[in-house]
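Two complexes are shown next, each including chain A; its partner changes from chain B in the first to chain C in the second.
Let's turn to the complex of A and B:
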């Protein structure tokens, strides 16, 4: 009698509020006996519960316009999901323990690296044609031991602050590197002079708003030119728990995960920056780790504490590179022929497909 | 070797000196190279058909040799030295009857007769020649063009002077001389006109018949040098590719871009349109052969070939059917013959009551199974019998899984049914 049912059609989420309004009205009367009230409340609750199940099938939480009600509904749904998940987990754990040794092996979680689309250009180590191609390409002089690397590091015109310090630190990392100030010279004119002075590499760090953001790496006699985007540069003083400055010893080079043909070319490009025979006395290692087309550069000093344990200290700058283009021939952005160009809309469309 | 080379419908020359043949229908690529030792000197620069019947290929290498490859035999039959390596690599090659026409980068255009080491005729086409082509209509007309040397059309009977020398474009708005660099050219069929693409992202059409020596038509595409050009079978369009891997179809009447073919990541080295079908094949520095359809600009085929590709050649026969003709055509009647044989050799099975030891009944079952298993892979290549395949597969699947558990009378009933069905179709 006292219960005035709010029509269920309009407010789908108003369950809690629907309960309150009749209670208020009941409270207003105050003459009813407690038992009756409880019975009616229970009836109300039952009715609410049944009307809870009657939602239109395509209902989603985002259709509720009231922020508080929407939040509450969402929280409820989340809690229910979490409950169900915990139950499933418990069940699985029980089953696993019950089976004991016969339990199936734990499932490997899916990661983007796991789900990587197989690239047909992945290099097979026994492929003769690729081996011949690599054996006679522009790096063959270096890999056959005929030349020693000599690197020229410079920047775009009028560098400031961080870029200058970055170049200096790079010069300590790469052996036989010289930093020169770019006096507004055109690269196409710098290159023949470098070749005449027996340089094998030209590194140009591009600067934007006092931060390094690009790197052009040009292998000199007539080698490929790679253009990278540089991000996440950490100079020495920003690295926590770092070791002392690197020494003059040539570091060991670690190249991780360069599996495709393009990856191989880039890996060789990095490898040719450092001298072929590393000095193990120095215990320094430079790592170029490729993951998801980003190349992470780290420079460490290691020490073997015993046969199984190694301690490492990070020295030196740390930065991330992403390849934007690989051009055949020395730097000539207008008329050069590109071996690979990053075309974002075509290549970055699939999250599981990587180029390097 | 010979049968592999007969299957190939696309031929490519690579920087490592390997001649590659690709059979598009079968999606296979084959390497044809002289010996197991390769060298960069043998880098193939130009590929041309040796004769109109397309049974021989002429390949020009960097060290000045021209090799003849026979598609029937699948091997290189001869090799001749036609020029010094100092003249630069070959930029044009053509077969004229029994002789050869070659052009190198820095050297003259030479006409060679068969079995002679000295050129019969020499034309000085300028200092830097990027491309030389022979007119398909007039066998004596040759067009050359290069860096800072404009388009010149020569008549081989009068080698002293070109019949047509193109004039450079007018000076620009600052009165500076416009640089020009012809990278690729082609004769437009059905006339004398020549279309060229330049290193300054322009496309020109020249008409030697008109008194104008400047280009009759000009269009621009992109910001990078255009390196390759091809004319599709249907006229009025031209397909160009540039160093960034952008391949576009342009209209030759208005100069508008009709569409861009996507997919290439590296510079385009050679483009060729199929003579009859609306297809274009492209190869380049990213080590892939791609075949696009010109109508809807979709990528039809993509083949990874491990070296950088320099040049390509399409055979005139239709690409898709190349594999099919030799494959299923022969298989069709063969399959039917084998079917009849199989059914004839099998014992006829009558409906018998259930017996525990049904060895005689098991034998025809096994025979039918093996017969069907043999037929399945052959039948898969046929089209039009798709209805039978799922039925058959399900039946054979069931039989394989439960050979002995299944109701024997049931199986016996199925076989005569199958027999009846097959006989209807056969």
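Let's turn to the complex of A and C:
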């Protein structure tokens, strides 16, 4: 019985299509329908349209072998689903209006941020252990006001124009930054020289095919080294509606959404780039915003119109970073101790799980 | 019988040679034993029974020689001589081995040997320098990342987030008194203070009236005059109050600016931890109002 039913279902749909699309149907399998049968088919169809449950329960579109018919069936099913959805929506809206104030509150839509898998390394604001760690890690000297940041920006070998301009603009954003041309020097030799000259940070912009695509940020007196992938770099002249060039005032730093332990350490890494006391006269703010493991960097000038409104104007370059690896000591690709490495297969498998 | 001209006729000009590469301007020869690399009558190793080349294997250079006596033994056709690593000595070796050979072959061998040593030197230098590590990119992965980034950017709503953060900082007072905004708060404070002062006046008056003994004159006019004077004084005091309020504010502002400077230095105005100045700041605002209230009775007492 089952065996005969399924082909019956198929042939039913076939009948439908025969009626609906006489032009499209090529070779009609030699089936000829009389007028009576057609009437029956119409009735059947109406029944089927009004109640979708009349489709045989194990009917699925993928069982139709003919591509065109299958496609048409699928579109039909979709249309009906859409219609039903619309009706349900309308009904709900009517109910809500009817209830007026007593209506139940609107449901919160699910977003990726809502559905994020809880990360056990999320930092509690009052966690003592974290506070203790942060008090004694490599940035403690900076955060206690002992050292002033001094940044060295360089590139990989033979940088092209875009990378050079990017480095220059970075140097205007970060106060007390110096750009040096890399003359084929090995980073391992550069680092002790930097330490000797009291630099606190080394930034290396890596280039590929005339575009900057990587950033190595190394905190110098044996601090952590972070390697980022850089994407969507917009230089100053490519930014629309931008303000004038940034001034020499030290900007404020805004760090958003760094919630896990890893995120915290990266956040501190960024924070230590800028001097501790921002000059509010300059009204400049550098933002590092973390969203789904992408860190967006923006540089704005703000002005408070009144106490409820602030206007911001973008100056400066913008780029996005994605953390690839965090290494414990200074840059050492062979023998370094990696605190965290992006493992694509493990970490990108779940769409709701983020590391920072 | 080995006849070079016939061979050259066939492979060079008329028929096919599998080692020949034809380009628009020139013919090249891809035979491994070719000295120059071009397809010529004098450079073809097949069409010359007496031939010599230089070839290198794993950084070592060898001189290969072919003579007509061994033309019948293909397995033993090429004689291989290892050349010294010293450039001049090797050249002497070449000369010594190819003595009495045609000038062309000797010259071309030496030229080839020079070129080979030069590129070997360059290879050794490159190995010492830092090599670029080429990491293969998977296009699918890159496209996925790009799409994720775009979606993340949309979800981030950066401008809103930045504005919100800045407004929060303003509210918490990390900016100290640079922006004289808190207009609403100021008005509220003013209203509050007026209400309090009125209530205080009333209470004071009641208290005064309750226990006090006044010596009243007979003439009411004097009283009225007195009362007028009092009112006028009161008026003056109110304006004085305002002036003094402003003065107080300015002085307190100056004090506060000094204090805020020191505060911002110590507080972490990075947005990570709420500025420690926040709580103190609020307390300070309170203190401000108290100051004004204290000066009021002082001025009043001074007037009376």
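The rule we apply is simple: the second predicted complex is superposed on the first by the 279 of 356 C-alpha atoms of A that agree within 3 Å, B and C clash if a C-alpha of one lies under 4 Å from a C-alpha of the other, contacts with A are read in each partner's own complex, and residues count from 1 in each chain.
Everything that follows uses one rule, which is that a contact is a pair of C-beta atoms (placed from the backbone, for glycine too) under 8 Å apart; a residue touches a chain by one contact, two chains touch by 3 or more.
On a predicted model such as this, the values are computed, not experimentally measured, just so you know.
Superposition of the two complexes onto chain A shows chain B and chain C fitting side by side, with no clash. In the superposition on chain A, no contact is made by A:211 with either chain B or chain C.
In the overlay built on the shared chain, the residue A:72 is in contact with neither chain B nor chain C. Measured by the number of chain A residues touched, the leading partner among chain B and chain C is C.
In the superposed pair of complexes, A:171 makes contact with neither chain B nor chain C. Of the two partner chains, chain B is the only one that A:261 touches; chain C does not reach it.
Using the contact criterion defined above for the overlaid structures, shared-chain residue A:334 touches chain B, although it does not reach chain C.
Using the contact criterion defined above for the overlaid structures, shared-chain residue A:310 touches chain C, although it does not reach chain B.
Between chain B and chain C, the shortest distance over C-alpha atoms in the superposed arrangement works out to 11 Å. Common to the chain B and chain C contact sets on chain A is no residue at all. By the touch rule above, chain B contacts chain A in their complex via residues 15-16, 18, 31, 38-40, 199, 224-225, 227, 243-245, 262-263, 265-267, 285-287, 304, 306-308.
The residues of chain A lying in touch with chain B in their complex are 120-121, 127, 129-130, 132-133, 136, 261, 328, 334-341, 343, 346-347.
Taken in their complex, chain A has these residues touching chain C: 111-113, 143, 145, 157, 184, 186, 231-232, 252-256, 267, 271, 276-278, 280-281, 285, 287, 289, 291-294, 296, 298, 300, 302, 304, 306-308, 310, 312, 320, 322, 344. Across the complex, chain C meets chain A through its residues 129-130, 132, 141, 145-146, 148-149, 151-153, 155-156, 158-159, 161-163, 165-167, 169-171, 175-176, 178-179, 181-184, 264-265, 268-272.
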